[in-house]
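Presented sequentially are two complexes of chain A, the first with chain B as partner and the second with chain C.
Then we have the complex of A and B:
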């Protein structure tokens, strides 16, 4: 039996049943959210395992057994098409979402309207899962909007604070603009080619690449760069992440900018456009934004005094590495360097989701226990909150890329490939890491320094907040101990599968 | 089985290096005392110091956090791990291609753990010392890395088994190049390395973070008893390891081949000969430098690194690179 639809059915069911479950009891509502996301993780793992084992792209057609229409040779239905990349990101999404939901049991205890909160968080998860499994470009847009709207609402969830509302409005206005760019791009593509199935579209564009298809790509890429927080359009991120509840920041920073941004860019460039355009030029466009993102994001992180804002800028910086990997993967398409860069980018996507989620959960714990996220007031936290400080130490070391932790291998792949492709890019990447190191060491010094008055009464948070952090620490360490095995067995095949756009097309259209 | 031998080798190396490095400290103190017309302590003084510190009560400051007690243990653990990657007259135990990065990383990590331990104590003296150490840390590694990578890259070009491994020095060495240009470049880099060594073990000009008379031992201000002993030991090992690196790059010759030994005796002889070379390098870079120079201010030290040593490293590297091009005979 194909379990793929349950990846959408279960969170959808969970979200829509939440208002009813809440009527029974508040306790059940919390447990219900955890159960739903745990089952989703199970399904995602199963999908991933199946695809990884068979090395086949899974295609699911809504409403029929075949995507092709009766008597015609082209797909007429919505298809879901999952390759290794989609499945890998889906597992990451389900994993981090589960931890964020467990974390919110305690973290959100003092807020009201929690049935809406859990509904929204499940819808957010649903939207992201939809983005990574869909093979239909309009369906992709719908899921992107589901994700975006849920995240607008969640950023402004604490609507009694001025910063929540401010960040929410900012995010919503520019986010809607970006979404409409994407919609415009899709409309142009549909007008030109008359189809919305990604695989069929890819075949069509290859056959007759028109000017319109390039304009459409520009619109879509612009919109997606916004969603991923690339530099000229990163300003929403630095406001939205600090203002959101920390469990949501962990999902926004770990997942939303990856699923709705980086994953979608990779999918559209590789699966729809790669064989039809001047890929070298496209690659360099992505690399250009990547370098800008790397430098600006990491450099801005150094000067922040607000902990969550610092992490948000650091997320921007890390997105730069991922984009750099993807850009080199496109520009050096089909070579060994390109493979390595792409594998590094995919690896870093997963790694960064885990470690940035960990860091935001740490920030949430500090905010929850001490009541401030201003770094100048937080010195000497390690004495009162040893576990939280340890979690921060692990997360920060991983994000800088210290060898026994998971960030090392993925960054190494990106450094290595960029040095082989163009040493100048490697220099920029190293410069970004230097800034990143400076930023995190500054926070580390605050954590370890002399105790300030504010933190005197602080202590480590309760179980529901500590367990997700411990699970993430374990994930960081285990992935750090087996970096090359993971790279060879998972990341390289994923990169290969993404590059073979012919297979992606054939999976839908048949041989 | 191989892993078992490597573990045994690492333990043996650890015991030997702890002994040799503490012994050198005794010799160094004796030599410096003689240079200043003093009798000086007995040769085994550092061992007495170590034992005494181990037996003393260790006082934990009220404001210290968990990492304060963890840092000395971690520092020693990292320095022991570092021994597995250090050339000791023979190729490092865990030599693989690219292990030079692990070496630099672990060497830097010891300094960083010291800094973290210092700020964990909550004492302002330690804080100031830690800040200074951090500044020195980021300044001193740059010229060293540039010089080291250039030499490894240059050796890689004349053909080695494991590129960018510290084991390559025992296959080919930099003097083999033989051209006048290469000799000049190598000499410049040798000077850079000797200065780096002095700053790595913080003597002479670079005794800045510890600065006994100025900030009361700096990072180590609050440490006492066992914890201080562990730090002293890890510092001694680090000193030996840093000097071993310089010896391996510039003076890697062994004598076992000349006297016709092989197997275990050859290893022992090579290690002993390596130790003598390490002592010789340390004599230049540590004892003499310590006896004849005073401390710089932190700003001056940073200038020395960025305006003297770093340009010197660049020039040395460029000369070696030009030599590879072969444009000048």
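Then we have the complex of A and C:
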């Protein structure tokens, strides 16, 4: 039996049963959330392994065995279509979500209303998993909204703090505007072509490329750039990430901007539009925003004094690298350089999810133990919280891209391909990394500086907060030790599979 | 604290709340036959709840509202929907096995007991929407006062 629907069923079951489980006992509620997310990780790994082994796109139809209608040649049902990229991101989502939930067992202990918290965190995971497996564009919108609304609520979860409410309101107002742009784009496509299945839409647009399809793409791309935190519309991110509880920041920064933003951009550009449009122009539009994001995000990170805000701007900067890889992958479609850039972008998506989750968990530990995230008050933390400081050291080194860690290989692929494609882009990428290095060195010096009054009584947090950090450190180091093996066996086939939009169409419509 | 309405409004509410509730239940249970369905019917029934709160006041509503019960029922509604969707999992998620294999709710199309799992799903959605809306409204009504 196909396990794919359980990727949705299990988190949904967990979220719906949470109010009932809570009635039994509070302890059980926490364990229940951990069990549900652990089983989800198992299912996601199984789906990934199957697809990776067979190198085939998995199509699952809701409600029947075939997506095609009776006697007609076009799909009439919702299909879920998972290729290697979707499965890879699904595994990352399930992994980081599990660690964030384990982490919140201790981190959120002092908050109230925790049954809502665990319900929302499972719904957030569900929305992201839905985005990466769906092959229907309206279904994609529904899952995008599930993810977005859960994250609005989670950003404002600590509603007794002014910053939580402020960030939540800002995020919700502009986020709903961005979602409605996406919905408008989808409505235009449906009005023009009369179908919502991505594969069939792709075939249709190729056959009759109209002006409406370009307008729709502009709306959808605009909305998705917002969701990924690209530069002219990154302002929500810099408020939302510091205000959210740290376990949520780790998920927001590691996963939400990837699944709802970068993944969706890649999916829509490559699987729906890649044959019909002047892809070189689209590629350069993405590259333009990528360069802007790189410079502004990393440069703003240098001047921050709030640790979580610094990490948030650094996330904006890293999204710039991923978008740069995707942009070059589109602009140099079908060449070796394009393959390498796209593989680098996918690799960096996974890497950044892991290392930024690690950094936000560190920030949460510091905030939890010391009670401040202002960098001016935190000097000399390394002696009192050695393990946390070590975790920060690993995360910071990985994000800058030091060779034995995982950030090196993915950034190298992006540098290499951008240098081959256009040396000017490589110069911008290097400049971004220079800013990024400056930002993290500053934090590092704070951690290892002279001990201040505030940190005298601090000590490392308990097991439930330390174990997720250790698991992420292990992931960073292992992925750093086998960079080219991972690239050749996973990332390059994933990029290849994403580029072959013909296969994506045929998987649904049949050959 | 006096926060209920006058005698006329209360008497009218006593008469109309059951009617609104019955009409909502009708819309939910005939979701597969007539316009409307789980969401519309559930929202209608929640309208009866809002009328109760407005007419009889917060103190009266507080006595009759149990937070745990409503949140458990909301979860139950979701679980029932998910369970109905999983019935035909041996073929596909959301496969309407009740209707296709004539197990239950498999009467002549157009009659009440037709359409397979659709009536079950409508009931589940109606329950979820009703309890969810009433809970949200009570939470807002019970929110701490303007000053303090």
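The criterion applied here is as follows: the second predicted complex is superposed on the first by the 511 of 511 C-alpha atoms of A that agree within 3 Å, B and C clash if a C-alpha of one lies under 4 Å from a C-alpha of the other, contacts with A are read in each partner's own complex, and residues count from 1 in each chain.
Keep in mind that, in the parts below, a contact is a pair of C-beta atoms (placed from the backbone, for glycine too) under 8 Å apart; a residue touches a chain by one contact, two chains touch by 3 or more.
These numbers come from a predicted model, not from an experiment.
Taken together through their common chain A, the two structures put chain B and chain C side by side without a clash. By the document's definition of touching, neither partner reaches A:423: not chain B, not chain C.
The wider contact with chain A, measured as residues touched, comes from C rather than the other of chain B and chain C.
In the superposition on chain A, contact of A:17 is made with chain C only, not with chain B.
Once the two complexes are laid on top of each other via chain A, the angle at chain A between chain B and chain C, using C-alpha centres, comes to 160°, given in steps of 10.
Of the two partner chains, chain C is the only one touched by A:62; chain B is not. When the two complexes are overlaid on their common chain A, residue A:386 makes contact with chain B while staying clear of chain C.
After overlaying the two complexes on the shared chain, residue contacts for A:450 are found with chain B alone; chain C is out of touch. Shared-chain residue A:403: touches chain B; no touch with chain C.
For the three-chain overlay built from the shared chain A, the minimum Cα spacing from chain B to chain C equals 47 Å. The contact surfaces that chain B and chain C form on chain A in the two complexes do not overlap at any residue. Residue ranges on chain A touching chain C, taken from their complex, read 1, 5, 8-9, 12-13, 15-20, 23, 60-65.
Taken in their complex, chain C has these residues touching chain A: 68, 71-72, 74-76, 78-79, 82, 86, 89-96. Across the complex, chain A meets chain B through its residues 380, 382-383, 386, 389, 402-403, 441, 444-445, 448-451. Those residues of chain B lying in contact with chain A across their complex are 63-67, 102, 105, 116, 119-120, 122-124, 127, 134.
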